[in-house]
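Following are the structures in question.
Note that chain A is present in both complexes that follow, paired respectively with chain B and with chain C.
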Partner chain A sequence: MTDATRETYFISDDDLRALAGDLLSAGTEVIAPVAVDVCASPSAIASSACLRPGVAPVDIEYRALADAAELDLSRGLPVLSLKQYFLPGHEALCCWRQHGTEVEIEAVPTTFAPRVVLAAKSCDSAALAIVDKVMNWDYQDELWNGRREATTIVNLACPVVDESCFCTAVGTAPDDVKGADALLTPVEGGYLMEATTDKGRVLMEAHGARFKAETDTHGAKHRGRQAAEERAAARARVAANLEIDAESVREWIDAHFEDPLLAALGVRCNGCGACSSVCPTCHCFDIVDEEEGIGKGTRRRCWDTCQAPTFTLHASGHNPRDDQHSRYRQRINHKFAIYPLKFGEVLCTGCGRCTRACHAGQDLVEILQAIDIAARRPDAAAAAVAGAEPAGS
Partner chain B sequence: MNIYQPQLALVTALTDETHDTRTLRLEFEDEALRDSFDFHAGQFGEYSVFGAGESTFCIASAPTRKGFIECSFKAVGKVTSALREVNVGDTVGFRGPYGNWFPVDEWKGKDVVFIAGGIGLAPVRCVIWNVLDRREEFGDVTIVYGARSVDDLVYKRELEEWASRSDVKIVTTVDPGGETKDWTGEVGYVTPVVEATAPMAQNAVAVLCGPPIVVKLTLPVLDKLGFADEAIFTTLENRMKCGLGKCGRCNIGPVYVCKDGPVFTAAQLKELPAEF
Partner chain C sequence: MSEVREVARKLLTDGTVRVIVGWEDARRGARPVFVTDPADTERLIFDTRCVHNLVTYLNPRRDNVAELGKIGLVVKGCDAKAVAGLLREAQLTRDDVVLIGVRCGGVLEEAELPKAASLSPENVAPRCYGCDNREPELVDHLLGESQPEPPRPVMTIDERVAALDAQPLEERWAFWTEQFSKCVRCYACRQVCPLCVCERCVAEKSRPQWIEAPPHPRGNLSWNITRALHLAGRCVDCGECERFCPVGIPLSLVNRKLQHIVAERYGYTVSDDPESPAPIGDYRLDDKQEFIK
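Moving on to the complex of A and B:
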C-alpha cells in the first residue's frame, strides 16, 4: 500500500478526537462509529439479553456525532453499513400539492452540506465506489452523486472482525482506500494518516495543526513498520477465511443458470430480506407515494429486496421469480455475475454482514466456496449438492 | 430537477376500450416540452397519479402524431385503478421516454406482420400507426389480432379503420365462446389464426406482443412459416420502478428490460434465462 505520492502524518488519539470536535464546532456533520446501548436503540429488536439485570449489550453503529466524545475507535463492525447515508432507507424524490385539478411539484435539493465520515470500514467505503457505477451508467442519480460529492471519507484500517469477513476474496482489503479519501492505521499512541484523494488532502490541510509530519526519525520508522505489519497481518487473517477466483465464479454462474447447485443454495433462505438491509452494496429500491393529508404528499424511494416475492410480481399475477430458490439465485447472480459483467465490479465487498444477519444460517463464505469448487472442479460440486439438495427433490 | 421527478401532463381525452381497459390522451403542461417531446415506437414511460404512485406502460400513440401521447391500461392494480378515476382536465405525472425501440427505419421496403393478443395491441398499435403514417416506405402490412371475447378487443374504432383500408390486411379473432351473434371475424386462438393466415416470411418482419402464452405458442408457428428469429420482434414489460436502470427489478439474467429492452428479437429472447 505504500505509495510515493502519499504523504503520511501522525495524529495522536487525542488529536483525532479533537479533530472530530473541530469539525463539529465548525458546523460540519461528522458520521462515525458510536457504541450504542442495544436495549435503548429504537431500531433494535428487544433482545432477551436486555431482560437480564446488569447486562448492557452494545452495538456499534455509524451515527452523526452529537459530541466528539461519542467517537468509538474500537474498530468493531457497525451493524448497518454507510449505505444509509448515501441511499437513505427512505428519501423524498419530489413533493406535490394539488389544488383542484392542478398539481404543483416541488423539487427536492440535490446538493448537500459538506460532511465527514471518520473511521469508516474499507468494506463500506469500497461499496460506495462500486454502487457509483450503477448510479451513473447512463442516467445520473443526482441524489446519490450529491451526497457522494459532499462527503469526505476517512477509513480506519480494519483488524478483521471474524470468520465471516472475506474482503480480500472479492478484490478489496481491510486497509483498502477504494471509495475513501484518507486512511488511518493504528500505531503506538495514535494513528498514521494518509490522504489518497484531493478531498482527503483538503481535510488534512484544513486541520494541519492536529498532524505531525512523519519525518525520517527512528520513531517514524518504527511506526511505519508497525503500521505495515498490522495491515499485512489483517490481510493474511481475512485471506484465510476465503479464497476464490472471482472471474471463474462469474463465468460459472453465467453458464450454469439452471444448475442444481444454484437452486440448492437458497434452500435455507426464507426471504426475510435482512441480508439486503445490512448489505453495503444492495441498492435496489421501490418508489412509493406517501400522502400527507388531503392534496399533498411526497414521492419517496425506499430500500427494497429481491428476496421478497412481491419484488417482481406483475399486476396480472404472473411472477417471473415465483419461488425462493429463484430469488436467492438472483441475489447471487446479480452480485457475482451480472454486475461484474455490466460494470466490471463484484457487487460485494466481503463485509460478511449478510451471513451474520441471517437467522436461517445462510453463509456467503460457504456459498462462494461451493461455487468456486464447482468452477474449478465440477465433480466435487456435484457431490456437495447431493448432500445439500432440498428434501423431496 | 432530478431524474425521478415527473413532468406534469393534462388528460385531454379518454376512451373506454373495453369494460376494464381505458386509453388516456395526455398533453404536457410545459408548452416547450409539448412541442419538443419526441420518442420512438416501442419506448415506454412511468405514468403517475399523485398519491397512488407510478406505473409502467408503453407509449401507445405513434411518434408520427405530435403534441400528445396516449397510454392504454387495464385497471388491475393500485395505480391503474387510480388512473381509471381521472377525468379530462385532471393532471397526471409522466417520466420518459425510456428504453429502446422497434427499428422501424430498418424495415423500409419490407412486409410487416403485426400479431397481438389482448391488451398486447397497445405497444403494437404505436408501431402500426408509425408504419401506416409512412405507408409508402413499406411492403404489405398484415395485422392479426385476437382477444378473449368481442368485448375484450381494444381500439375497436381503429380496427374498423384499418379493415376499411385497401393497403392493410387485417384478421381479427376471438377465443371460442367469446363471439357474439353478429361477430364476423374469426373464432379461434391467435396462434392457429396466424398459421392459417400464413403471411409470407420472405423479406418480412413480424411484430409480436401479447400474454406470455400467446408469445410462447406463436414463436414456433412463425418459425414454421419461415421467419428468422432475427426478423421477429417483441416487447417485454417486466415490473419496473425507476425505468432508468437503477432500481434493480426488471432484469432477466444480465439484461435490464428498462435499458436493454423493452424491445427484443426472438433471437435475443432465446439467449435469456427463462425468467420472464
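Moving on to the complex of A and C:
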C-alpha cells in the first residue's frame, strides 16, 4: 500500500450516519459502538448508579445496529472488545445425531454474509490481525477466517481513553489501521476517511455520494492539518502512559522464567479470568459436547482462560501450572514472549481493559514498566522488584 | 491510618506474623497489598476506598498467600463475618490468623479512585446501610475511632429487592433473563468470594456435566442459580461478587433475597460469631419441612 492510494475523503456527521442507514437498508449487518442505557427498564434496578440523581450512566458496547441513530461516535471504549464478533463467547462447531451404530454429522456454515464494522477502536482491529496468525498457523480456522473475510472494518481514530491505555508501547497507535480497512479521523463538521485496503475502497466507492474528495482547497488543507494534529496529540497522550522496549521485554522474559519479578505475580490475583474475557487478543477456547436429548447434541467451543486451574489440568490429575503465580506468569509470558517469538508480534494491543476490569489491582501497565526497567537496566532490577512485585518486599 | 501501620509493624517485627494483608494506595486507587517487610508497613492505608474483602486471601484455595507464612489480616466488620464463616465451616482455625479489626463507618462503592471521599447517599456502597457490625468482635486488635452509621443510599438493597418482588413473575423472569444473558462465565464471582471454598467447583465437573460450560442462556441460568444457592445462609453480603463482575450483573440482589428467605425460614442471620451454627450445617426438629409431601 503506497500513500498515493490512501486518498482522503471528507464525510459529514450526517452522511456518516446516513451511510450506516444505507448499509442497514441494503440488509448489511452493521456492528458499531452503541451507548447502552444501563438504566433502561427493566434493568434500572440492577445498578445503584441508576438510582442516583444526575447523569444516567451508559455502557458503550459493540452491537449490531438496529437503527443508524444508535451509532455512538463519542469514542469511548466498549466494555467488551470486537473479539466477540469473530470468536463468539460460544458457538456450535457441528451437530451430531446417532442412528443405531451410525453417527450423522451436520456441519455448520463457514461462510458469512458481508457485514461492516463502523467506528472500531484501533486496539480492537489490530488484535484481530494479530490473532489471524495463530488462527492460520497450522489448522486454518474456517469460522474465524470466514467472519474475517466477510467483514469490512472502519476504525475511528481514538482520543485515548484513560491512564490505562498503552497502545503505542506495544506497536500500535490510537490511529492505527492494522486489521482494519479504513480510518475515520474527526475534523470540524465531520470526518476525514481514508481506505487502506481493497475492501475499504469498495465500501467507499459503493457509497461514493456520501463522500467528498479532499481536493487542494483551503478548507481541505485546514482539515488535513486538524486531523494530523488530533492524531499526533492522541499518540503523545498515550505514549506518556507507558513506554517500553518490547524486544528487550521479550528477551528478558524469555531469560528470567524463575525471576521473582515474573514468578511471584499471582499473590493478589484472584484467578478469575475477567482479564481474558475482556481482552481483545486472548483467544483460547474450550470444546464441549452438549447432549440435547438422547442420541443427539452439539459440539461447541467457548472462551477459556489460562487463569483457571482446569485450563492445564491433566487427566492424570497432574497440573503443570498448579498455582496462581505460574498461571499469571503464563499470561505475561504468552503475550510478551511466546507469541512474539512464534509470530513476530506482541499478543497485546494496549487497550487496558484487563487493568480496568481487575478490582484486585493487578495492573499490567505497572508490571510491564517494571519488566522494562529490569530489561533495560539490569542493575535496577532489584529496585523494580521492590516497587512492583505485589509481595511488597 | 497510623494505628494500623504501628500494629502491623509490631506484628511483623516480633515475628507474630510473616505477612500483613491490608490495603495500599496504588496507581489506580486502593488495592490489596501483602507486606512482609516492617519497613513497608508505611504503604498500609485505611480509608473509605478500602472496599475489598481481604478474607478471600485466607481461603484455603489461595496457596500463594498461605506460603508467605502466618497472616495478619486487616478486616472491617463485614469482613470479620467471612472469617467467622471459614471458622464455622472448619476451613480455618482461629490461631492461623491475627485479625486487625478497623472500626468502619461504611465504604465507597468504588475502590479505584485517586482519593478517599466522605460518604454520601450517592457514593456509599449500598450494602453498608444498616450495618450491624461496625466494630468487629472477632478480632485481636480493634483500631480507629468510633464511626457514625453509614448514610442511607438513594435506594437501599432491600428496597430494590422489594421493588423486584412486587413485579409480576413474567417481568421478574425478563429482568433476570436479561441480566444473566450478559454473563461471560469468567467465574470472577466465584473466584473472589471468600466463602467459595470448594477445591473443585461443580461448574468444572464434566462427567456428568451438571452445568453447561458455554455462556448461553441455559448454561448461564444453571451457573448463576447454583452459585446463589450454594451461598444461601453463608453469604456475608460483602458484595465482592457484584463488584468484580465485568459485565455488571446485580448479584447482591440475588444474595439479599436469599438472606431474607434464610432469615424467614430458619431465623438465621449471618454474624461474626463462629459458634452460631449456619442452617446448612444444622438440623432442628422444628425446621420447616412442608415441602416434603
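Going forward, the second predicted complex is superposed on the first by the 368 of 393 C-alpha atoms of A that agree within 3 Å, B and C clash if a C-alpha of one lies under 4 Å from a C-alpha of the other, contacts with A are read in each partner's own complex, and residues count from 1 in each chain.
The rule is simple: a contact is a pair of C-beta atoms (placed from the backbone, for glycine too) under 8 Å apart; a residue touches a chain by one contact, two chains touch by 3 or more.
Keep in mind it's a predicted model, so treat the numbers as computed, not measured.
Engineer: In the overlaid three-chain picture, which partner chain does A:Cys302 touch, first (chain B) or second (chain C), both, or neither?
Structural biologist: second
Engineer: So in the superposed three-chain picture, is A:His359 touching just chain B, just chain C, both, or none of them (first/second/both/neither)?
Structural biologist: The second partner, chain C, only.
Engineer: Answer with first, second, both or neither: which of chain B and chain C does A:Glu102 touch in the superposed model?
Structural biologist: Once the two structures are laid over each other on A, A:Glu102 reaches chain B alone.
Engineer: Who does A:His90 touch here: chain B (first), chain C (second), both, or neither?
Structural biologist: Once the two structures are laid over each other on A, A:His90 reaches chain C alone.
Engineer: Taking the superposition as given, does A:Asp286 touch the first partner, chain B, the second, chain C, both, or neither?
Structural biologist: both
Engineer: Touching chain B in one complex and chain C in the other: list those residues of chain A.
Structural biologist: 286, 288
Engineer: Quick check on the complex: what are the chain A residues that touch chain B?
Structural biologist: Those in contact with chain B are residues 93-94, 96, 98, 101-103, 105, 107-108, 110, 134-135, 137-143, 254, 257-258, 283-289, 291, 297, 299, 301, 304, 306, 311-316, 318, 320-321, 326, 330, 333-334, 337-338, 341-342.
Engineer: Can you check the complex and tell me which residues of chain B touch chain A?
Structural biologist: 1-6, 8, 48, 50-54, 76-77, 80, 89-91, 93, 211-212, 238-239, 241-242, 244-249, 251-254, 259, 273, 275-276
Engineer: Per the contact definition, I'd like the list of chain A residues that touch chain C in the complex.
Structural biologist: 38, 42-43, 45-48, 51-54, 59, 79-80, 89-90, 163-164, 264, 266-268, 270-274, 276-278, 286, 288, 290, 300, 302-303, 305, 308, 310, 323-325, 355, 357, 359-361, 363, 365-366, 390-393
Engineer: With touch defined as at the start, can you tell me which chain C residues reach chain A in the complex?
Structural biologist: Residues in contact with chain A: 19, 24, 26-37, 40, 43, 52, 56, 62-65, 68, 109, 111-112, 122, 126, 153-155, 160, 163-164, 167, 171, 174-175, 178-179, 184-188, 190-192, 204, 206, 209, 212-216, 219, 240, 243-244, 246-250, 253.
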